[in-house]
């Protein structure tokens, strides 16, 4: 039953049963006139509203979504609206990166006695949505294929880490190996111009360990499956942040994990390296020097200087050395933090809302739902039961639609709110190179602004922001209904 | 699935601006709907009968009623479908009155909106599952916090009803504020005479375990199975041995101890019994003033005590009691009136509170009933009563009326005339609030028979005139001129606020409280003695200002609720609670961390760890369901699929 | 901490004694105060009744002049000036009001204006009780005094911020530091009739009579004031009050600065004691001080 | 002598335009990004295209990621809502399609899929409808690449299997050689110049391509060796330590053909419900999870064993040839560069090492 076209727009309301639904009743009892667009869905508590309901509505035809719960402190369940307030504010900051105008979503607090206030809220919000007009559909715009500008300046000198003492590291690992089931590191891949994760169980395995700009994988992704077993892991700075975040959520136990670390001087962006190498059959040799590597493939030489070919995250990296470690070989490098916007986020920032919608339509069309982005993510511990492929609950259909594919990316981004350490593995793993990191970077930026510069994966004791709340939020204030 | 849809006219409330027949017609096209009809009054007896008949005739296994707010009639219709043999949770409502017909006149838009609301109700219903309430046994014992008149009444009624009562009182004696009163309005009965017997009943009732000088330290558990930690404060007297003979009180050298029971009107001894009719009639030592406990040398009371009950090394003791439900009857305190500098801010001894005046009037008080001026002990001739000191005054954050001050001031004025026949009483008031049985007649007597001069106006300043009198300057708004009274004694009718520490106790009880500390009842009109937390009831002024008859009534009301709760051997929990699908849980612990009620625990099953919901503790807020990334924990009757069904019905582009 | 001084019109006229004793006491304490160059009237009572914008501009201009002299604080003896300066500062927080004032003045106000305080508050902030007691040469021991603040100095609380509006105690602490015994004077913030002394003489007489009567009943040696108008009503109109109250009064009414001056051992002439209608000789004799000249026609020969 | 035609590079767009008159032409299109990728997309007039090897094979031409098997609607009789009419529509949607510039390993994929989908006891009607309307123009490879190993498994840079036309790049243009009657018919109707005179040059170029390949190991007993390794779970565990069990290898593989069937949509809505067939991924635990939650292949090692054994032992057992075409996409697209070649070689050499 569609809305009365011409007269109404599709506005969905999520109201908590105890206060706001009661407030709407009070408005009704007082015969407080309101436009008819709003359709109210009753939920037990505003804490029950998963932000993904709102994204699902906005992506599938809703022109506006209004959420209302009890005033903070009045929640019938004590803390429901405290959690809701944080989640909904993060969602509101996240929507623009998708190309959805965040004015189309609003959350507020209305108590059961505030009938008049509810009338005012509905009238104001309905008028705002009518002013904005019907929401653009993801299929409307022509695909816009813009490319990330990787010409970046690094906060610290990038190099190939030739100075680190790999032998000392190997010795340290061999010493600890007997008491560990295995130690995870990197080894050379099927040719000299790439590395793959290495599982060291015997001293011979340890000899295969390599350290250098090709070490792109994040070994932390394997730790949750070994929870309860004694394992070791060799980490770069960004990998260590994933380990800390896993500790913060006790998905691994600190005493089970032995951490080996060395200062990292940056890693290569294999996408651009492979593109430069082009089609070749064999790698002849790879020479390392301080500033970069020279790869000779099928007799042809290719120069990869770190300043031009590093991964986006390495230019802005402020923690090249592991935040925590049991064995640190070499002296940690200090990086003075400076202004840095991740390249993917900079690209999105440079676009208007409509352009972003067109951009994501263009990008997500080629996604074939292989879920490498999810399985490469160290935080995705529930990958085997992911709601992207489940019927109980049934969030997404198996239909090959751009909207469902984009919806999965928002699921992943929202699930990472306040947890993503920016290791970039999701984007690196994407076989068709969709710049999905922009969505996670936008959420990380919003979380940073909302929670006093909170950074995930830095302090093992810190509680991830969306798993806690403050009664009085410093940076989240109720928006007036002008 | 076979769904029946019933569109209510609600007389003209809905039918006035919604074409109910059209909505029913549209509803027939919705999935699984086999019957859709409109009814004049669905909630009325014939309406409900029509639903029951339809369920039998069409073998329905789900019902949608489109009428008023589910907050009003969801329970009604659930019972209806249950009577017809259908599970009460295979039922959904669409609010087409408060949310549609009453808020707009556009019939076409309203009909379309009503249709859509019915459509999403049908969509949700198609995903609903029958739910069975689980039962759990009840510990038929009740904890009553606070032994004022309300607490005493609740305790006696529960005990009479055959229920074991654990009564906890923070002071050394029960009786609360009423025990401090000399007489009570409107009958001028002696307070101790009407309260005393009840206090004795409490002491002697076999079903009541009394913990005086004790406080509730911690409450855990849930309705039917609360576990309470009670801290018995050290009284330095072994109450089993003490007979209450009072020998120690006479001999105790620390004569300057402030007497809290007598509202600090007169001093008392470090070891004392609050008042003659105290229950339990046992001595208590005030550790801050007892010379033995402060300077380590005295021990007089230990020497004179015939039964050797004194024990200076006694420590606090924490006892755990298991109870099924709780009644909070923690009463009130007078607000700190010294914020009023204009009345001397507490610096003038002859400006006393009404409760202090009660102690002056009381025969068991420090002055044995002779009204004496605290400054020089003389008998006052001119006594001024000032009403609404710290009530109905927004400037100091006390906008509410405290309810019983007008009445006790009239009583005190009458008593003053009895005690001092040639005295003259003045009462500065704004409005006399006397709305009980023979209340107004009582205040009339104070004015006409006892010559009390009621001056309608507020007092702006009280100051000593240097000759031992207090100049009370105010205004008489009826005569429109300033008034000055040279008073010997000024009695302030000080406003009421929640007992000290109420907010802290509310947090332990997990009930909410308002900005003045009064506990929040479940519904101000219809459920005054219940709270939003199952198994926690309220009685007396802790819920809001009220006089003794109302407090006693609430005591009995709370007891009735307790007896109702315990009338069944087993309690049924609300089946709309969360449950974990072990197959999907990866034990990431997010739900355990965010549950406000600690209702989820980690369990081990075949070597792997999973989350599991404690069914009786879960309140059904659904926070865990929206926190679990993979939807392994679902709140029944509000599962992800049910809400998604509604969202997908609305947003299908 | 650079301090600017705003004397106010009465200082140069009717309350010259208050001005002299204030300067003397501040000098004795070593408090450098630089008079605001080119200060003007603060608008006193009538100005803001006529046009709040204009009266705001008057006081704002004075504050601005002080700001240009790099002053952090502006002290003024008179409560009425203090009230106007502080009310102006409060109203300037509202951007439209500030813009209006800027238009009225020759050039826009400087960003940050110094805080206006009474001299009494300035003294209390700069010197704690020990520092004042250290300066005392002639303790006021034996003197029983009643401090009278009048209605303006502590009200409204959110603007004046002068302690508890019903019960300010700053004068008590200063004079106790000088050795005097201060009684708890309940009518310390009652109205003295202020400028109604002219149109409603009888009412003012009744009001001042009540204050003087209570002071007399409390057996104080003098009533201490900090406001020129209160001093005038209590001192000058003592006979009218006596007629109205039907009781004879001879209650010296001194400025707190005069008493502090006495305690600091300054010469009576430097404190303008000769200006008092009700002579303070009895009080001085009590302190075995050389008698100040009585109100003899010879004027104030040293 | 097969029909041959020659076309200059500038003549390709016209050729495509000619083809797209009666058919949907799927051509490789570059998707610019930091990590550049090439995907097959319907070509329209004026659209840019490339002849590079596609990141995603053109399997979707015959086995789309998601297709509607059956669309169904329940129509209710307003008078009597109890009886409901069910409308079903299971006609396969197929469209004449030309895949332009596939590679021999892609084309060979079609041949690999044909066996189970067409030559089994029951032919899949949906697959059959699309396969019959498909014409494959394959561009032969002039050189191998680091992840290609088509020549290990019976293919080659110019293997004609599964193609209708083989196109080879010469110095100044492209020669198109008809392989199947459908290919010949298309060439004849294409209006291109004859290419017979360039035939010799074409063969030299193709032979040269073989020269660039790295020598292939002998995989003749790979089928037996891999089958023998079936019970050695440790072997598979060590081989798949680093596997993330995502779906990159299966979804990018031109010969993976497993699918999943789900119902979506609401029968009584106007759009009705649809029964969807979509690609399934045997590397994901969902592939073998039972309703009870039990999973026969809970560990990723067992899943990898299943994938490799299917391609190198069970499929050959049924159809006599490997079902892996050696296109190397499962290696180049794997987030941890897991190399199927390595696994097969390890399986073959494992016994030698043991002896």
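Order of writing sets the labels: A, B, C and D. Residues in every chain begin at 1.
Note that in this section contacts are C-beta pairs under 8 Å (C-beta built on N, C-alpha and C of every residue); 3 or more make two chains touch, one makes a residue touch a chain.
Treat the numbers as computed from the prediction; the structure is a model and nothing was measured.
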- line: The chain pair with the larger count of contacting C-beta pairs, comparing A-B against B-D, is A-B
Averaged-CA centre spacing for the pair subunit B and subunit A, given as whole angstrom: 47
Task: Please report how many Å separate the Cα centroid of subunit B from that of subunit D, as a whole number.
output: 72
Query: Just how far, in Å, is the C-alpha centre of subunit C from the one of subunit B?
result: 53
- prompt: When the C-alpha atoms of subunit A and subunit C are each averaged to a single point, how far apart are the two points in Å?
  reply: 67
- prompt: Using the touch rule from the top of the page, what residues of subunit A touch 2 or more other chains?
  reply: 384
- prompt: Where in subunit C do residues touch two or more other chains at once?
  reply: none
Statement: Flagged in subunit B as touching 2+ other chains are 583, 652
- request: Chain pairs that touch, all of them, please.
  value: A-B, A-D, B-C, B-D
Residues of subunit A that touch subunit D when the two form their complex: 145, 147-148, 150, 189-191, 194, 196-199, 217, 221-222, 269, 271-272, 275, 279-283, 297, 312, 343, 363, 366, 368-372, 374-376, 384, 389, 391, 397-400, 425, 428-435
- request: Would you pull the subunit D residues touching subunit A in the complex into a rising list?
  value: 31-37, 39, 53, 55-56, 64-66, 143-147, 212-214, 238, 241-242, 244-248, 250-252, 260, 262, 264-265, 274, 276, 278-279, 281, 284-286, 331, 333, 335-339, 341-342
- line: Listed in rising order, subunit B residues that touch subunit C in their complex are 341-342, 344-345, 347, 461, 463-467
- prompt: Once bound in the complex, which stretches of subunit A touch subunit B?
  reply: 1, 3-4, 7-8, 10, 12, 17-18, 21-22, 24-25, 27-29, 31-36, 39-45, 47-50, 53, 56-57, 60-62, 73-74, 76-80, 83, 87, 119, 137, 249-251, 381-382, 384-387, 390, 392-395, 415, 467
Query: Mind pulling up the subunit C residues that touch subunit B in the complex?
result: 164-167, 184, 186-187, 190, 214, 217-219
